[in-house]
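After this come two complexes, each holding subunit A, first together with subunit B and then together with subunit C.
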Partner chain A sequence: MWRYTLKRLVQGVITVWFIATATFFAMHNVPGDPLLNDKNVTEEIRANLEAKYGLDKPIMQQYRIYIWNMIRGDFGISFTQKNRSVNDIIYSHFPVSAILGILAVVFAGLGGVLWGALTALYRNKLPDVIIMFLVILGISVPNFVVAAISQLTLVNVNNLLGVSLLPIAGWGGIEHMLVPAMVLGLGTMAYLTRLMRSSMLEIVSSDFIRTAKAKGLPPTRIFTSHQLRNAILPVITVLGPSIAAITTGGFVVESVFAIPGLGRYFVQAVQQSDYTVIMGTTVFYGAFLVFMVIVVDLLYGWIDPRVRLE
Partner chain B sequence: MAELQLTRADFEPLHTDQEIHSLSRPSLSYWQDAWIRLKANTRALFSLYLVIALLAFTLVGPLFWTVDPAAQDVDQISLPPFADRDARIVSPYEPWNGSSVLPVGEGLRLADTPTSEAVRLVWDPVAGATSYSVYRSRYPTGDDRALGLPLIDLYGSASTTFEDRLDLSPRTYYYSLLAYDGAGNELDFQTLTVEVNRVITAESAVERGLIAAPDDVQIGDVIFMPLHPLGTDYLGRDMLARLMHGARVSLFIGIAAPFLYVLFGVVYGSTAGFIGGQTDQLLMRFADFVVALPFLLFMILFKIAFGIGPGESGIFPMLVALVLLSWPATSRLVRGQILQIRQEGYINASRLLGAANGYLVLRHMIPNTMGVILVTLTFAVPSAIFTEAFLSFIGMGVAPPTPSWGSMCNEGIKTMLTTPHELIFPALFISITVLAFNLLGDGLRDALDARMRSVE
Partner chain C sequence: MSTVITSDDSFTSAAGRQLLIFAALAISGITLLMLGLSWASSRTGAASGSNNAVDPVTNTLTVFLREEPPQLDSSKATDTVSGSVLGHVVEGLLRYDEHNQIAPGVAESWDIRADGATFRLRENARWSDGRPVTADDFVFAWQTALDPANASEYAFILYPVKNGEAINAGELPLEELGAVAVDDRTLEVTFERPLAYFDKLVTFSTYYPIRRDFYQSVKGAFGADANRILYNGPFVISRWVHGASLKMDRNPYYWNPDRAKLQTIDFAYITSDANASLNLFKDDKIAYTTLLAENLDDAMQQRWHIHRFMDGGVFYIEFNHRPGRLTGNHHLRKAMQLATESAELVYKVTKLPGYLPGESLFPVWLKGVHGFFREEYPANYPHMDLEQARRHLEKAKQELGLKVIPPLVLLSGDNPVSNIQAEYYQQIFRKHLGLDLKIDKQIFKQRLAKMLSGDFDLVLAGWGPDYDDPLTFGDLFASWNLNNRGRYDNPELDRWVRVAQDEQDVQKRMDAFGEIQRILIEDAVILPGYERGVTYVTNPQMKGMVRRAVGPDPDFSNAWIVD
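Let's look at the complex of A and B:
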């Protein structure tokens, strides 16, 4: 177990290094140069700026400085917001994205398991048909459209009731989080529902269910402690990659709902070609995702002892 | 013991009238069998037709609907679908200095027929008022007095007329008039609902190419503005033409990218699987690293890194980035399949008969993984379309003059409340396409691969 954990962690660190390297060289391949946006740059100012940002050094030396800074946890200073460090941006905006993401994952996971179990239970009956139809919709409609439509619905509901039931945009209390988290988790929830349904149906015809029936267990007991418990396992395996999907989906949802998260910041940085912010955020998100997948894999071994971690 | 009597006839060969082992059904190849199973699946078949219809929409459609997707119809901006497109011919605009004789009626009222050229308002002087403000709204003013656009503040009690010529389109407007006294207290509040009709002068009709010469029409005639079956966007561009040309981008990315990266994945995976050993380990470890890259972040990064030159649409960089990042999943899958097939008896038999390695891979291994590959390909299409839409939505997709469904959504979402059709149409097309490919993928999986068959 410990050896496995250590091995995965070492692999994770190498992966993060790979991400950082790919990011660095991709960004250096960008046509034009980062100082081009500044107007009225004389030769002296340009030379000064290049020296300040280390752009005058040979590329391998820049790379060494970059990696060394990253190891020390220093992502540099934003290009568009002078005097604001990338660390500061991540520090103040990542918690917002993380809370939203966690809520979305919880929503997607619980919803997926619940709806999936329901559809399997009422197989080919009305609830199954309705839920599976909604699931197909959830998979096919892009999340920015869902975000827009839900915002529109919220406006209309608020208008109809005459009171502001839930805020339409912004960030603050739990009331701001509910709808964006639901929108963010929707695609994943649809996917998990499908997965849960097929895994439930597969288990119904397995031997241990028949044994449980034969020894006279009540159906509810079979359902909860045999069927549900075993069917959840495949859902947990895909939860790791789902976190990745939800985090990146956050870009759009945060933009639409005007939530001051890191995703929205990233999109802004991309649009303003704020190089250090793009690099820092990419490496940070990459590292976060790599370690989330490792955590989920380890959790899986803990939940299902049959999986030997080697 | 009876003697066995054998005659010569006993040694005659038997005549068989019928074959004992006959095939009762025609022999079917794997693909024929799969096709029959696919045809039995109505959902899959329906989605197959839908895919064909979408391809026809984008490839054949522009031959019939020849409107330029970049052409702007400045008279019909943000036009909803199926809107009236008649315009009355009027004489050229003449300045109006207010009428000396007030038209009959009271309160805020019209001095003239309201047209898209000008709306002329008059009102009775309010006793004690020293200034008036005129507002215009697209929505009913209501109790909360959402007045809309402030048009003018008029000072002096004598001015009781106002001519609105600001960006009028043929629709209903709600005008409000506020009267103030010298201390700024509100004295009166009046509203007026105005139905504006579209008018055009003969000269500008000629200019727009609607009629050949000014003499062809007379004042008061009704002519038709250009047709836009699905309306226009915020720059007055035809939605139908843009959807057709946008489909080209979305479907090209959606089909070409998966095709390329699945191809690359097959080559990579089968090489790794077939050679095996150290090479396999090395190749797969590299694939693991590429898988670990956060997909959308690197899509954006690569898009920036490749850059878009002036006049380029940016489709090619997106294609390259998609291929670079997406191949490992297929290569893993194919490698697994090849490793499995390598152990099969028929491979050994073929090898024994002297088959070369290349022959084994091309003749036996790849055809036997074709089902899995095809299913992967079908499921890769919707995700590629989503990626394109997502990137275009955050402004990282195709460059502006080129339409794509994603960028159309991005533009449409800004005016979602006033002109929802600009968002609804592209969103609907994305959803239908993704839905069709998803259902087709489900059907193909059921038809092609018994082991992967979904539980229904």
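Let's look at the complex of A and C:
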């Protein structure tokens, strides 16, 4: 177990280093750089900027400096917000994304398992038909549409009631989180519902369920410990990557609901060729994703003892 | 057989009950989790207010920002959002008033001569810590912006001050700058060369004062947080949660206690999503919002207060005039000029509310000798004339020695407005002239890189003003201008630009701009597309919001609330 964990961690570090290197060189090879702007700067000013950010040095030297600073945990200063460090940006905005993301993942996970189990139980009956229709909608409608529609609905509800039931944008309390988190988690919830349903149906007709029934186990026990517990495994598998996807993919939702998360920095940095922020957020999210996958693999062994962690 | 079915049914209902219990557990779990998370998020300090758009009781106006101000260090700020915020909280020597006229700021009197200027600072101008604003604060700010080590992008706007450019290039020490604090209240400026519009330049944020001891005490983080800026404007930033909100309160130390009427301006939301801000406006959470074309009918039905203003931007097709490019041929450009009609583009194709068809590089709002420049010097832009256009095309083919003009590359941005325009030009040039355009769509920085290296034949470009003088547009196509991306090189135009730069007489300067306008049209240097307008709606209880093409925009510093 410990050896396995250590091995995975070492692999993880190598993966992150690879991500950092690939991003670094890809970024420098894309046309355009962070110093270009609508208004062209004079040669003196450009030289000053290049000197300040070290862009006048040869690329391999820049790379060495970059990796060395990264190891020391310093991602540098943003090009667009010239007096803010990337560490500060991540430090103050990732918690917001993480809070929203955790809630969305919990919504998605619990919702997916419950709806999936429900549809499997009532296969081809009315609840199944309705839920599966909604699931198709949830998977196919992109979340910027869902976000805009749900915000507009909130406005209309508030206008209708004459009081502000829920704020339509902003950040702070539960009231601000509820709708954005549901919108953010919706796609994943729909996907997990389908996964849970098919996985339940596969297990319902398997031999060990028939044996359990034949043994005369109480239905609740069969359902809980035999069906749910086994069916949940594939859900856990995809949950890891989807935690990272949800937490990083909040750009649209953060923008529509005016939430100060890291998502928009992540996206805008690429548009602005903001080298330091691109590197900082990519490496940070990359490390986060790698870590989540490791955690899920470890969880796997805990949930299903048949899986050997070797 | 029937027994099996009933037993399955009982299994389903038992399992269903179990599932219901799980669901109840899940809901209560989520509720607990949310309580925990809301506690955690309150620790991040990012709480949004739940004020209404206008609150007469607390005298608070709630609005939004399009994006987080990237830079509140006035020596480095370049963008309009930072400019708008800074305009509320910091004051330069001069400022624009609510009628967009030059008004006294920190300077109570000033004298601008051909070779320099003297500013007399008012005695009661104070920083937000109570200490007086002195002439040295301006000298320090300008030196800071020109210091090569600080690498300010807008340092060039200080080049008119003597030795500014040499200092920025690192050739002279900071102390050599032609700006001297004679005493605490007198600032003496020497110009690099004669300059007719210095009063307009000093309203710009790069010219704002910065106090030496404060700047040094925050150790390179000047402007990074609310408490790392010193204020001398009508408002101070009392709270700035990055990415979330920014709150301003009236500055008790401001020299003119009658100016600010609001107690608080709360920029409670930061979103670039136009639909989100429209929803906030509908929900009575913000006092103004920009309208998109598709919301215009809705806004009229709701009888909202709709306004329009020109934001200053002029957009056009720029040709690549570099040697070897087909578009370097005068007749080919003339043919394209006579095959287009910007009114058609604006009214039938893009259909954006508030946009004006482009006729000239000089926008309609620029001031001339007495009134508006464009009224005194009409553009007389040629209308679509296909016969003439085809004649020019034939000449172009002869001169270029080509039977068929090969496809030209139209470099374009990747956004809806650019896409529509690019397709419009592609279609009309094919229809009217049989010319093929290849559209090269690129995102922001990549498009800029290609413009810079000249990797295009035509490019959808635009220009926004830096200061309120026709020269901010007029020198754009001078052969030495770095923003002349098509590398247009015409000694006659260069000569007129020099006249406009050096001449002190207003009439002669405006005549020079008139000549520049004529050359740009006659030689078809650009194809004007449109002047950008902004349509927006305001809360009827908010009065006195100011919009401007040059200077802090939007400006709420003079706004008030009516009951």
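Descriptive notes on the structure:
Note that in this section the second predicted complex is superposed on the first by the 295 of 310 C-alpha atoms of A that agree within 3 Å, B and C clash if a C-alpha of one lies under 4 Å from a C-alpha of the other, contacts with A are read in each partner's own complex, and residues count from 1 in each chain.
Keep in mind that, in the parts below, a contact is a pair of C-beta atoms (placed from the backbone, for glycine too) under 8 Å apart; a residue touches a chain by one contact, two chains touch by 3 or more.
Worth saying up front: this structure is predicted, and the values here are computed from it rather than measured.
With subunit A as the common reference for superposition, the partners subunit B and subunit C occupy clashing space. Shared-chain residue A:T23: touches subunit B; no touch with subunit C. In the superposition on chain A, A:L201 makes contact with subunit B only, while subunit C stays out of contact range.
Legend: residue contacts after superposition of the two complexes on their common chain; A:S255 is shown touching both subunit B and subunit C. By the touch criterion stated above, A:G162 is placed in contact with neither subunit B nor subunit C. Judged by the touch definition given at the top, the superposed model places A:Q272 against subunit C, while subunit B stays out of reach. By the touch criterion stated above, A:K52 is placed in contact with subunit C alone, subunit B being left untouched. When the two complexes are overlaid on their common chain A, residue A:I136 makes contact with subunit B while staying clear of subunit C.
Of the two partner chains placed by superposition, only subunit B is touched by A:T15; subunit C is not.
Taking subunit A as the reference chain, the count of touched residues is higher for C when subunit B and subunit C are set side by side.
Once the two complexes are laid over each other on the shared chain, residue contacts for A:T224 go to subunit C alone; subunit B is not touched.
Put simply, of the subunit B stretches 92-100, 290-298, 398-406 or 434-442, the part that bumps into subunit C is 398-406. Looking at subunit A, you'll find residues 30-32, 148, 152, 155, 255-256, 271, 273 touch subunit B in one structure and subunit C in the other.
Contact residues of subunit A toward subunit C in the complex are 30-34, 36-42, 44-45, 47-49, 51-52, 80-84, 89, 92-93, 95-96, 99, 102-103, 106-107, 110, 114, 117-118, 121-122, 148, 151-152, 154-155, 158-159, 164, 167-174, 176-178, 213, 218-220, 222-224, 227, 255-261, 264-265, 271-273. Contact residues of subunit A toward subunit B in the complex are 14-15, 18-19, 22-23, 26-27, 29-32, 136-137, 139-142, 144-145, 148, 152, 155, 197-198, 201-202, 244, 247-248, 251-252, 255-256, 266-267, 270-271, 273, 278, 281-282, 285-286, 289-290, 293. Only residues 10-12, 14-19, 22-23, 26, 29-30, 33-35, 37-38, 40-42, 44, 46-50, 64, 68, 70-71, 73, 76, 78, 148-153, 155-156, 165, 168-170, 220-224, 241-245, 268-273, 275-276, 279-280, 282-283, 285, 442-450, 452, 464, 466, 482-483, 485 of subunit C touch subunit A when the two sit together in their complex. The part of subunit B that touches subunit A in the complex is made up of residues 288-289, 292-298, 300-302, 304-307, 382, 386, 389-390, 393-396, 409, 413, 416-417, 423, 427, 430-432, 434-435, 438-439, 454-455.
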